[in-house]
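As written, the chain order gives the labels A, B, C, D and E, with residue 1 at the start of each chain.
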Amino acid sequence: QTQGVSDTEVVLGSVNDLSGIFAAVGVPAVNGANLKFDQVNAAGGIHGRQIRFVVEDHAYQLPKSTQAYNKLINRDQVFANLLSLGTPHNLAGFQLMDPKGVFNINPLTAAREMLKEPVDNKFTGFSSYYDQTTAGMRYLAKEYGLTKVCTMYLPTDFGLEISNATKEQAESLGMTFVSETTHKPDEQEFVGAVQKLRSDGCEVVTMALGVRAGITVVGTAKQLGWTDVKFLATSAGFLEAVAAVPGGVTDGLYAASGWVDLQARRDDPAPAKFIAEYEAAFGQPATGFAMLGYNAADTVVRALEAAGPDLTQDSFRAAMEGLEYYSDLLDTQIKYSPENHQGANDITISVVENGLWKLVGRE
Amino acid sequence: MSDLLLEVRNLETFYGPIMAIRGVSLEVRKGRVVTVLGANGAGKTTLLKTISGIMDPEKGKIIFEGQEIQGWEPHRVVKAGIVHVPEGREVFPLLTVEENLALGAYTRSDKAEIARDRDLVFNYFPILAERRKQEAGTLSGGQQQMLAIGRGLMLRPKIMLLDEPSLGLSPLLTQEIFAILKRLNQDEGVTMMLVEQNAAVALDLADDGYVMELGRIVMSGTADRLAASEDIQSFYLGHDTEGARGERRWKRKKTWR
Amino acid sequence: MSLLELDSVTLKFGGLTAVNDLSMSVEEGQVFALVGPNGAGKSTVFNLISRFYTPVTGSIRFDGKDVLKMAPHEVPNLGIARTFQNIELFHQATVLQNLLVGRHRHRKTNMIAQMLHLPSVRAEEREHRHAVEEVIDFLDLQPYRNSRIAGLPYGVRKVVELGRALASKPRLLLLDEPASGLSVEETQNMRWWIDDIRRHMGITVLMVEHDMGLVGKVCDRVLALADGAKLAEGTPAEVQSHPKVIEAYLGTNAVSKGGKVA
Amino acid sequence: MEVLQLLISGLANGCVYGLIALGFVLIYKATEAVNFAQGDFMMLGAFVTLGLVNPEYAGIPFWLALPLVFLIMGVLGYLLDIVVLRAVFGQSQVAVIIVTIALGFVIRFAVGEIWGHEPQSLRSPLALGDVRIGELVLGLADIAVIIVTLIMTFLLWQFFQRTKMGLAMQAASQNQMAAYYMGIPVKRIQGMVWALAGIVAAVAGILYASKGALDPTAGFIGIKAFAAAVIGGFGSLPGALLGGLIVGVIEPFASRYLPPGWSQIAPYALLIAVLLFRPHGLFAQVRAKKV
Amino acid sequence: MRFHFKTDYDQDIRLFEDGWTFSLYAALLVLALALPLMIDPFFLGEATNVLIWAIAGLGLMLLTGQTGQVSLGHSAFMALGCYSCVLMMEANVPFVLAFLLAGVITGVVGALIAIPALKLHGVYLAIATLALAILADDIIVLLKEWTDGVNGKMSPPIDLFGYEISRWNNPIEWYYLTLAVVLMVTLFYRNLLRAPLGRAFAAVRDSEISAQAMGVNVAQTKTIAFGISCAITGLGGALMGLFAGAFNNETFNFLLSIQLLMMIVVGGLGFIHGAFLGAVVIAFLPQVLSMTTDLFGRGVAIPGLESGVFGVILILFILFEPMGLYGRWLKIRTFLELFPFARKDMFKRQKSYLKTERLR
């Protein structure tokens, strides 16, 4: 008997941030996944099994997340977790999941440790922040010949990934690392930081900030008349709301990410369908993270289907490792293999133009 | 009786499970001074607090000018014309003397009259005028007591409930206070209910009196009658300290128990 | 040598001279009263002795030791206990606990021993309790032993405060208006208590009191204060008949709870 | 020039803290309660405005919406007092602290439910446009913040200093029983001050939202405003403003001149330093008790 | 109704008032000891969690409930306890020693911090300590050589005299370990309360001026209270970190301090029982909420529902009984004891009024 699997049901879990500082990421992602699962369940489930998706809120706090993992794994007996948010939170969860072989699929963190040993039960959805940042810097260096790179970051796992990428990869890209500033999530005034980076002569600034802060930084730089600089965000800042700030405040902001922006493609058939379905279900506009959530659920569903009626941890792993398809929702190719547990390797580079993200490059 | 101003009927007040007032009834007639005597913990303070709405009674009625006022919020009671000069001063410690007095006139709006009354208070207690800018919390105990009384006067009440007005005042000032109260009563017709440990002066000023013990009224009558009672004389006036009790340390039994 | 000596002590609050070049001395075994109009500086003198205030000039000595060199919490260790005019009890605690705090200066065990509740701690606790029960018996506080201060009438609180001071077994007791708010009967009790405190316990008493009846009966010596300076000093009778005291303090028609005074 | 720019931006920044701190102080001065939800009040005020003004919601013209916002927030503050705070009237301050913290949770939840968790921008006429004086740049919103804060502080200060109601509020905070003895309707007055705090929060929220994006966690800057109020001497209105300015100014300077990792510590380190030397803040409201 | 006829001072000094009370607590202890036999590992983990919260709560209770100082900085001391314990364990200090030393270190640091903080009262102390809690987060990041900054540390398994205890392999042993710490802390706490130091705490809380006049060194007493409080909380923090399996700077976020304060108020400020009742509420409520939402089917995950409902429940708790759960229990008990003589509105709150705390 496989944990979390019965003849009529397969239990999936997620430990997410529904009320903490990353609720803007966690909530739409969970909604997106729910949308997909509801559709699948309504259509009769997979091999006769309904999907039960249990979501726990950790509000971005570690002790709460262990509590949540304990509940999901020991009480709800989940088969797999998906979309779990936060690097340390996931790492703590591995301690419980690894001994039981519970899968961790497409966690909502782009940290490289998401594929640490034992890698058997771990799958990620898209490129890491590290790779995204590197790709973004490469693009800007090539396109504009910029060489002086700086970073602004929150002292969190997320911030550290991006600042490390900036510092470690600058040289290999023919750039020099010049300066850095750190911030707190509740900061709202960036004149000092922007002045500092400006006087240090930064040409590219990688950003690992909260969404609200990121918008303010770009706005402040504009206000102070600092125009000969490129700000580069990652998938964490790759949100419609950032592009849609009135007055063109964020115009010219770059973002490197693992997918192509949803709103920019809202007239294409797959995104249009998703946007309509999502808005009908939740009464809120669909966002990139909703799309990610939907896609992760889709990946799991495909694997469950491929694993066949006899669902075990081994059959599921084999199914995941054989998955290969083009996601027209994300506009990226998804391919897993026994050697590669990272689904999408594409990195997209976009820039804000007229209130929308415009795709300018792809790796 | 048309000149009945305040009437308390069968009042019971509790502190949680503790019954502090056990069915008290009393009457205060317009223009009279009524004193309530009683030992420690008899419930005098509780009685006054219940009348002024600071505490809620559980049973019974308080009728002021024909209106039932029990259970009212205290500020409404004040508006109706009852002012309570509390035990233990209760001044506003971080406000100046002047501001404390100004608050006494909170319910009034006639500026000229207020100014006149304030000058009157300053006239009664010149030290307050001298210290008008001092924070009330730094006044000496007696000075705070003067302020509390002065503040009560500023309200221009129909009836004043005075809880131990002479507490901590010098003998000279005690005499002056009682002279002032007498004047207020006689010239301005202010009715008073007076709780006072200094029974001699209280009975001297009062027209009627009640004696409370353990939450009940045990004796009542005109002040003169009470003053003549043997029990009152020995327990509240201390007449026999030198005589009957003398250097004896045991106490005589109270006959009303 | 006197037990307590104040030598030309002066204290100012801003422009106000609350105590003005005051000298006084209290002999061992005396009951000494400080009287004077409201705001004369009597409580301030107490606060100076308790080290809540530091005088601008002058010295305060207790049993030859310089009180001004002590921190406020060290003063009780000299054997000085006090009560407050406006009652400062630990209002959330019971009477018993209040009195036990009075024993604080007699504690012997340290924190670790107390945490482990070693036998020495228990022995000490019994000892404190014994001392406190004596005070309770003396002041007739038995009915209130386990009542919280918050629910006690004013008069009882005054007595509890006296008890708390007594529990510390002081050599000098400072009483700020011990009889204010007490009825005649209770004032009489207070008189006997003060007498016993002096006679049987051998404690010197310095008190502030407006009830001249009480002062006349229990005090050996009276000092009248006005505007922070000495007005008169002597036996109760001498001070009470001093014309300046009558004018500034007593009035011509002084009454005390126990009847007419003069 | 750079220094001047930092200073001016810092002042504008500090005024936002000052405005929130004003809300804290207001309630403290009149009730001695500490409202830990004031930051969330501000956030709520901003979202209410956003809900009324932004085209994707009600789309009412900004200036027309303002009185409506004040009304809504005032009523909310008053209701809050009636429904929640009156039940703990006369109870220890810790109870009020817990209640307001919990209230913050509820407000954050409700706002997230109604307006979502993604950052949004208020369509405020103040958000657009800068003012340039030589090399100095200031947003319109910054200037508005400075002016409004100065006016509000002055008005509130005068209100407490000069009016009968202000005096009664102070009295009610110092001794509720005695205030009742004076005929002051203590509970009603407290309700009014909560309503007033709601309005002040709305003003702060509107100005805050005009300066940048807004999301339900914006209320957390209340903590810095708290630090500001304490530095100023909790309970002093000019102190709140001064504290806000100090915290606001130290921030840009710290991030400009301190090494990364240290700059964010500055406001809190400053708070601790101030308290070390002035335990009750710059305009201390605490006195030694006379016995 | 039980009557107490006291014939001996020891009756007031003893831990238990009488045989009845003693048997009550003995039964409780037996129940606690037998708990692992009765519930599954998941709930046992939750029970352990409750006990850990209770330890941390007892620490804050000593300071806030007994001495009257409100601290919002205790998350910093939990962090200190946790990091110091784990660092020592990593340096091969035996667990028992590392654990106790972690308490001592936290206590000493707490006392040192208390010395300047002593001049502060009420809101000022609360905010200064809140600043401390916020700073702790940054300091952990700055000390990344030791603390591994934001990446955090994995908790090493506990080696108890050669016997390994790990959270996932032997939850029962973990539970007993926690229970032992709880018993020790509770006993120390009780002992303090019935000794001069405990009375000095209460004296400082109620009136600093008269405490001073009774010879209580207010500064020293507060320092000691702060120190002991921090030590206990540090132990709680160490257990919390070890139990969580992994921890970093955000684990001991200032929100933890706020939860801790909520916990002791909801439980009943000033009572040892309050810390436990509060811990049950704080640790179990989220679980209960998430189980109830599971019960109602998955539906649409409502973001932040948990903290929203949590807030509402806390508000209701306080409105229903500002004295906390234990206060309510005391009333119920009195009612039952007096039955049938209790009046219905015996516990109706008489109006109460506050006076300023700005006078010291």
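In the analysis below, a residue touches a chain if its C-beta (ideal position, glycine included) is under 8 Å from a C-beta of that chain, and two chains touch if they have at least 3 such contacts.
Chain labels with UniProt names: B, C = ABC transporter ATP-binding protein; D, E = Branched-chain amino acid ABC transporter permease.
This structure is a prediction, so every number in the text was calculated from the model and none was measured.
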Intersection of the contact lists for chain C and chain D: B, E
Chain pair showing more contacts of the two, B-E and D-E: D-E
For chain D paired with chain E, centre-to-centre distance based on mean C-alpha positions, whole Å: 32
Averaged-CA centre spacing for the pair chain D and chain B, given as whole angstrom: 44
Averaged-CA centre spacing for the pair chain C and chain B, given as whole angstrom: 28
Whole-Å gap between the CA centroids of chain A and chain E: 38
Contacts with 2+ other chains: residues of chain A: 19, 23, 27, 155
Sites on chain D at which at least two other chains make contact: 108-109, 112, 117, 174-175, 177, 180, 216, 223, 261, 264, 285, 287, 289, 291
Junction residues of chain E, two or more chains touched: 138, 141, 209, 302-305, 307-308, 351, 353, 356, 358-359
Chains that touch, pairwise: A-D, A-E, B-C, B-D, B-E, C-D, C-E, D-E
Interface residues, chain B side, partner chain D - complex: 52-54, 73-75, 78-79, 83-86, 90-95, 99, 102-104, 106-107, 135, 137-139, 151, 155
In the complex, chain E residues that touch chain D: 64, 70, 116, 119-124, 126-128, 130-132, 134-135, 138, 141-142, 209, 258, 261-262, 265-266, 269, 302-305, 307-312, 314-315, 318-319, 322, 351-360
Touching residues on chain D, where the partner in the complex is chain C: 291
Contacting residues of chain A [partner chain E, same complex]: 18-19, 23, 26-27, 30-31, 34, 52-57, 59-64, 66-68, 70-71, 74-76, 87-88, 91-92, 95-96, 99, 155-157, 159-160, 281-282
Touch list for chain D against partner chain A, complex: 2, 5-6, 9-10, 13, 16, 108-109, 112, 116-121, 123, 127-128, 130, 137, 139, 208, 211-218, 220-221, 223-224, 248, 251-257, 260-261, 263-264
